[in-house]
Amino acid sequence: MSDQGIVQAGWAAPNAPAPSTPRKVPNRGGEMNPSADRIKARYPAAFVRAEVVWGETTVFLRPENVFEVIQYLHDDPNELYDYLSDVTAVEYRDLEQPLEVVWHVRSIPWRAFLRVKAQIPKDKPLRVKSVWPIYKGADWLERECYDMFGIEFEGHPDLRRILMWEQYKEGYPLRKDFPLRGRFSRAEQLRQALAANPEARYSMEELAIADAFEDLPADMRKRLLGGEETGE
Amino acid sequence: MGLAARPDTKVVTYAPEEQEGWVTTRLDFLVNWARAGSLWPMPFGTACCAIEFMATAASRFDLSRFGMERMSFSPRQADVLICAGRVPFKLAPVIRRIWQQMPQPKWCISMGACASSGGMFDNYAVVQGIDTIIPVDVYVPGCPPRPEGLIYGIMMLQKKVMNERSSDQTIRTELEPDPSSKLYIPPPVIDELSEPFGNSVHQTRSGL
Amino acid sequence: MATKRTVDVSVSTTGLDKQGRPQRVPLVVDESGNVTTMEAPPALEPELEGEHMLINLGPQHPATHGVLRLVLELDGETVVRCIPHVGYLHCGFEKIGEYRQYNQIIPWTDREDYLNSPGNNVAFALGAERLFGIEVPERCKVLRVIAMELSRIISHLVWLGTTCIDIGAFTPFLWSFQERERVYNLLEKWCGARLTTSLTRVGGMMADIPDGWMDELRGFVQTFPKTIAEVDRMITRNGIWVGRTIGIGAMTATEAVNYGLSGPMARASGVAYDVRKDFPYLDYETYDFDVPVGTSGDVYDRYLVRMEELRQSVRILEQASARLPDGPVNIDDPRIILPPKTKATTEMESMIHHFKVVMEGPRPPIGECYVAVESPKGEKGYYMVSDGTSKPVRWRIRPPSYVNLSAIPKMVEGHLLSDVIAINASIDIVMGEIDR
């Protein structure tokens, strides 16, 4: 991280218009974010298309190139997209349509907003590169995306379930093939939930990131190596 | 009559002019009265209802009028579990553990629609009523209930406490869940209780 | 502009500076731009070096503001590492949103960040209106600004009360809840509910304000600053408060932006990022208000920023109540807005109209939008995708306190166990929003 991340609002170009509430935004078309053209010129292989919907520019990229483009967006002084608003995914009701991973990035210095999308066909493994090395804020957002959609983020330091418990068996809740009330009956769901140990805290996954393993008491180490009972 | 009037002991005669300040009563009444007037709540606040619970405890509604201002955040020193808010499945073992840690006699108030029945969260994540996990004494409806509603529920619980008999041992016995399924009520009953009803049946369609 | 910045860390007993704030000892940034946010803990004596200890805080703990669970690795009393566990209040909001029409989702927005219900209602309505391509009348815009600022006040008041309890002061809790009850009275007169307001509809408001409501709002606006001043007098220079907050949990501006912090958390670190100023909505650019910005990003600065935001909200409320125009609150579009209740129960045509709108639901064109507002916790975004049906394909909530909380392992590192409580309180977490 360099000093350019430190920002003040209103650092935009001196003759830039003052921000104002958007009015009469058209459904399609309108002014496109100039970053889209710069991405197209710089990364022609990664660029798929760009569109403006309700005044917001969306850039479609190939999934394997998203990381380098976002790195460029973050670092280049003309772009300076230093703030990651959101990482999420969209699955459409039409099962033919590919699943989309969506990044919302903001440039606080330039007061710009850009949506980056990558379409992953359903027959391919749901895998993209994590943007965690660029934005530390992506940590939990990507974990949630993995938890809810099953998208794997390569390079994420600690990719495991975050909202559902780790032994959750029913699948990825926000996928369209997941029923609203879950796959199992209520009694079965309750039985599985109650079988979990509420204090199962020293899981190996936790310690893999904790690397405090060597500092633990010997008996605890032994217990962990033997596999602690964490319920279902 | 005096307090202890057994034939083998000396009968205490009631002579108000000699011994001022005597009251005769049933022991049950005295114990229940003392207990009902100083219930220590264990606030298990999860969501919106916890904010209304805080409002009930704060200056305007002042829960200490009912002897409940001593919030016991440790279950081992508590009498009443007030479950304020929705309980997802991930939280189910936690509330079960807390309930089992509370000493007898103990009561439970289920505050709000979500805790009582799952409320508007009829989906994969939320327990459809905490009575499928722990026994509940008083259900307070509302989403969230107003502080007056919670206070009414507390007064109903106090009435219940006042009617208990020390000879009745059922209030002292810990309910043991079924060892294999760890549930208090049989699974078919839980499925039946959690069945969607009314308009919510029509709202399971996505799209259109 | 980007400059070398200093971070103040330790409390000095030398008294107050010119602004009346306790003086701090600054640490200068080194050549590579790294800032030592805390003095290095004194080296342990060899014989005192002991085993590390794992402590489980939560999910049921009064200081975790809900059902957050932190697993802390302690060296003595110093936190070496913190592993947060969330999800204990995951209720599947986003899944349920795919099964409900746009107007039916509004009750869920109440319950997701339940300290800020009116603000969420407005934010959702703004997003849905962008998706429908409609614009609300002027009166509705001003009423929405009033709702947003009132909800900012009640949210910050809960933060103030609970944080004071966590750090050891009980009185401000009672004071702030007394003020909250006054706001509750206002909201109750407007919409009938205290907490879960469901104040907006797509294309307007659930109801216009009742007669005489503006006068009561002005009464509140005039007397509320007195309470802020009382709390300010009691806490801001209080020795215990200062000692427990200054230099605790500091984040530099670079870190704050990189970790995605927003709202008072980012502003306390010196990032003057406020959605109301930078990406305005509801004509916020026409209101005159200031964005408070801290310097050192510690718990104390977060407290100062939030206190100042309360005063700025009062300023905005004053301006909004002065400019409230007459006119309709709903747009004039029978495909979206329901007929009046009196008509729907007496006229056949209106009843059929009512039935059609409720059962079929208004349908936006195919499209998507991300609408962000400045909630009391930070940048709150609703990302909605429509495929032309009456129910969204995806309703995504961008939860500010979720992202803010994800920085807690960074913030608590090297602090004492008791400071974890203060840091956790300063994030202003709402588990309903974090877990959704």
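When the chains are written out, they are named A, B and C in that same order, and each has its own residue count from 1.
Keep this in mind: contacts are C-beta pairs under 8 Å (C-beta built on N, C-alpha and C of every residue); 3 or more make two chains touch, one makes a residue touch a chain.
None of the values given here were measured: they were computed from a predicted structure.
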Most widely separated chain from chain A, with each centre as the mean of CA atoms
B
Which chain has its C-alpha centre closest to the mean of all protein C-alpha atoms shown?
C
For the chain pairs B-C and A-B, which is connected through the larger number of C-beta pairs in contact?
B-C
Whole-Å gap separating chain A and chain C, where each centre is the average of the chain's CA atoms:
22
When the C-alpha atoms of chain A and chain B are each averaged to a single point, how far apart are the two points in Å?
42
Starting from the mean Cα coordinates of chain B and chain C, work out the distance between those two points in Å.
32
Using the touch rule from the top of the page, what residues of chain C touch 2 or more other chains?
59, 87, 90, 92, 95-96, 99, 387, 389, 435
Give the residues of chain B that touch two or more other chains, as numbers and ranges in rising order.
90, 94, 123-125, 204, 206-207
Two-or-more-chain contact residues of chain A, please, as numbers and ranges.
93, 164-165, 173, 178, 180, 198
Show which residues of chain A lie in contact with chain B when the two form their complex.
93, 164-165, 170, 173, 176, 178-182, 185-198, 231
List the residues on chain B that touch chain C in their complex, please.
44-48, 50-52, 54-55, 58-60, 71, 73, 85-86, 88, 90-91, 94, 98, 120-121, 123-126, 143-144, 146, 203-208
Report the residues of chain C in contact with chain A in the complex, numbered from low to high.
1-5, 33, 51-52, 54, 56, 59, 71, 73, 80-81, 83, 85-87, 90, 92, 94-96, 99, 130-131, 133, 135, 252-255, 257-261, 270-274, 277-285, 291, 365, 367-370, 372, 379, 381, 383, 385, 387, 389, 393-394, 396, 398, 402-403, 405-407, 410, 435-436
Interface residues, chain B side, partner chain A - complex:
89-90, 92-94, 96-97, 122-125, 127-128, 132-133, 181-183, 187-188, 190-191, 193-194, 196, 204, 206-207
Along chain C, where are the residues that touch chain B in the complex?
59-62, 66-67, 87-92, 95-96, 98-100, 107-108, 110-111, 114-115, 158, 161-162, 173-174, 177-178, 180-181, 184, 194-196, 387, 389-391, 431-432, 435
